[in-house]
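The following blocks contain the structures, represented as structure tokens.
Both complexes below contain chain A, partnered by chain B and then by chain C.
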Partner chain A sequence: MKFFEIFELKPTFKICQNNLKKKFLELQKKYHPDNYASASGHEKTLALLNSSMINDAFEILKDDLKRAEYLLKCNKIEQKNQTNPEFLIKQMEYEDYLEENSHHLNKIEMLHKEIAQTLECEIEKLTILFNQKNLVAASNKMNELIFLSKFKTKLKQRMHQII
Partner chain B sequence: MAYSDKVLDHYENPRNVGSLDKNDPNVGTGMVGAPACGDVMKLQIKLGKNGLIEDAKFKTYGCGSAIASSSLVTEMLKGKTLDEAESIKNSAIAEELALPPVKIHCSVLAEDAIKAAINDLKSKK
Partner chain C sequence: MALLQISEPGKSTEPHQRRLSIGIDLGTTNSLVASVIRGIPTIISDGDHRLIPSKVLYHENNVLVGHDILEYKNIISSIKRYLGKKLKDIDTRSLPFKIDKEREDIFIQTQQGLKTPVEISSEILKKLKQIATERFQDDIFGAVITVPAYFDEGQRQATKDAAQLAGIDVLRLINEPTAAALAYGLDTKKEGIYAIYDLGGGTFDISILRFSKGVFEVLSTNGNASLGGDDFDQIIKHEIVKQNSLGHLNSEDHEKLNNIAKMIKEKLTKNDSLSEQFNFKNHNLNVRLSSKTFENLAINLIDKTVQCVKNALFDADLNVTDIDGVVMVGGSTRMPVIQKYIQHFFKQSLLNDLNPDEVVAIGAARQAQALSGQNDDDTLLLDVTPLSLGIETMGDLVEKIIPRNSTIPIAKAQEFTTYKDSQTMMKIHVVQGEREKVSENRSLAEFILKDIPPLPAGAAKVRVTFQVDADSMLTVSAEELTTGNKTKVEVKPSYGIDDKSIRKMLEDSFINANTDREFRSLAEIVVEANQIIELTEKAVAIDGHLLDENEHHYIQKSLLDLKKEIDLNDPQKIKQAIDTLNDASTSFAEKRMDHSVRSALSGKNINNIDY
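Right, the complex of A and B next:
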């Protein structure tokens, strides 16, 4: 839970992004190399290490899925190395659709919208599971969420290529 | 990390891409995925009257190694009995394609796909 402590946040899935960002800027300012221009070598190194840890922590905490994975890892919940078969079929359908329509901008845009909505809805469900402390169920959801998030990025990239 | 020539060959000229009728009682379908990288692999086998696998098809969305592993597997499966097919190990796939350690899981996925397809076929009998 170290990353949450750095930003003085409670270790929960739902966090206030504004507070996170505010605290991040504050800490980056505090450990900025400029403040250590006349400091000893040891202090400089320490500031640098702190600064890079703050960056790492911020990258994890600001991202919904990375934050969820981090929380699960801290709670020693092992992530299942399998996706349920129905979702695999869905995954194949999405990929087939993208392949068949790879030059149709409006069709890819439609799918992108659908995936974005599904992802949003699934993250809501994930929030509920975390609130209920049902970490195993939350962990079981992760594989699907990671796929949806990656696929959304893939669609976006394809859209940019067409334009 | 460099891909071997064999991986590249299967990636550029994949063998046996396509689908078989999943409702055919002699066709077994295996669908597996690697959650970590979002790969999804479908492998289908068709059993002939002589008890040998007469056809195998695959469709894989994933990295080059995952595509090459499944492509290679469809070639290996043809003409084998189910028992022989079931004994194909991921290490044989990895070795044939000279997969680097970080890509071994792709060959594991292909082995899982074979087992899933055989299980599906057996469940129809």
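Right, the complex of A and C next:
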């Protein structure tokens, strides 16, 4: 829970992004090595370590999926590397669709929209599970969510390439 | 009456507390040095010159940098392109200098033997440092040096080494676009997202920055290291060659045509069309070019820059409409055609009222001032890694440890395991780049982790930690975890020259500097001694009759002593002998002066009395 403590946040899945960002900038202004350019070697090293940790923590907490994984890890919930068969079939269908339509900007845009909506919806569900402290169920959802997120990036990259 | 100076309360006051910090734009074509003077970032000029050509000339006994050497042959230019690279990284077919092709690293042939790009760059930095110390009559506390955002680890390390060699303490390396944003004082304006479009002589750079709550964040960077203003000269050159059906051209002809092309390009920034004759190989070259034609020729090049802009926006997850301001940097952005297209692309007017050649140095000076702890504004720069960093795993594949565009400083660790049973060593190969195959990325460093306990394959655990500091410099360490025995190795990325050679180069440069100085002072004093001997002997020959016997003897003895000392090569003793001779001849000089005035009055030709 160290990362939440750094930003003085409660260790919950739902966090206020504005508060996180505000606190991040505040902390960096205090600990960034640039503020220690003429300090002793020891202070410089300390600043480097602190500032690195703040950056690392911020990167994890600002991202919904990374934050979820971090919470699960802190609660010692093992993530299973299994995806339910139904979703696996869906996954393959998505990939096939992208391959068949890899040059159709419109179709990729449509799929991107659909995936984005699904992802948003699933994250809502994940929030509820975290609120209910149902961490095992939350953990079981992670594989699906990670696929959706990666696939969304892949679609966006493809769209960028076509344009 | 002299006015007493009173400083503002709380600001740095007494002269000895002032820390002279400078900003350096170490450019491919030109370099600049700037400093904050009475609160205003100012370019420090070398005489009348604000831009110092990044050109170096090695003579047998000295090294010259900048304007004085432009007419010479064998000048080394554009050295920044080769800084931090190995021979295999560069195209050796069209180099502007001779290199030693037998070696893995780049060694350039000069009058003073083989020199590395680091040493040559350090000569430019020494010159810039000298300009600043002479201007302020003070030592430099430290410098902020700018580097292109796309510079990799090796290139950044090489820049730092060059600074060290020049005796400059580097407060921070900052990315050129970030410096430009600081120059425009975007940090004093409202919060927002800014694009920095930097088209220099040989490189193009685009960065997306966000400024909010006193912090500058680089969101993404992109660019093309071999696209710049020179390419626009080339398309004009091709047009000249085409219009005049020029046949075979040697390298001197090309140089001449390059200059003509550059001149035409500059004229087209002010005029809509151009029709002129140029003298070329005793012929007249006719050139007609309208800005519309130039635009058509240039559009492909501009498109290339726009593609980079699109990539940078994509990486930052932004649209064109998210950009609140566009800063233009680099002399090439003066071209109206560029201004037009970029304005059109971003759908807004551009920030271009500062001199585009100077903005980077100005911004560096501001940051240098802030880092030497003399600023009241507390803007913070949060930079990102320009390229991904990773290590080689089985099958020529890269495992990325720190992805591109991560905010720095950052530390990341990842665990790896052994491939074979009883494997006791592991090769850690650090690479940088975006490609998946090791061979297609830049190799930064390689080291061996020893003393892994012999275990079945996959049982040992090795944690590799990457630490990138605020300058984007990387340190890698690896430790073996299973036994609790920690073996830790730290490496700094190399660019072919290891730490030991750097230290040797440093030592050599100090020794050379000392012998250089001694040599110079001996040579200078011998010239002075010979002059005074010649003058005295001449004077004795003409006006010896004015001296009494004692005076005559004293002068002759002093002359003899001085001649002896010259042969013994000790500058200090020569100086003493000169002083003795001067003393001996003081009254003689007075008598001669008196005599010459009388001679003149009595109608003698005064030209015969040359003293």
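By our rule, the second predicted complex is superposed on the first by the 163 of 163 C-alpha atoms of A that agree within 3 Å, B and C clash if a C-alpha of one lies under 4 Å from a C-alpha of the other, contacts with A are read in each partner's own complex, and residues count from 1 in each chain.
Methods note: contacts are C-beta pairs under 8 Å (C-beta built on N, C-alpha and C of every residue); 3 or more make two chains touch, one makes a residue touch a chain.
Here the structure is a predicted model, which is why all the values come from computation and not from measurement.
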item: Per-residue contact with chain A, leading partner among chain C and chain B; value: C
item: Partner chain(s) touched by A:Gln117 [first = chain B, second = chain C, both, neither]; value: neither
item: Touching partner for A:Thr12 - first (chain B), second (chain C), both, neither; value: neither
item: Touching partner for A:Ser38 - first (chain B), second (chain C), both, neither; value: second
item: Touching partner for A:His160 - first (chain B), second (chain C), both, neither; value: second
item: A:Asn143 touches, of chain B and chain C: first, second, both or neither?; value: first
item: Chain A-facing residues of chain B, complex; value: 31-33, 35-36, 38, 40, 42, 59, 61
item: Of chain C, residues touching chain A in the complex; value: 142, 171-172, 212-215, 310-311, 314, 370-373, 378, 380-382, 406-412, 467, 469-470
item: Residue ranges of chain A touching chain C (in the complex, touch as defined); value: 22, 25-26, 28-29, 32-35, 37-38, 48-49, 51-53, 55-56, 58-59, 156-157, 160, 163
item: Residues of chain A defined as touching chain B within the complex; value: 79-83, 85, 88-89, 91-92, 95, 142-143, 146-147, 150-151
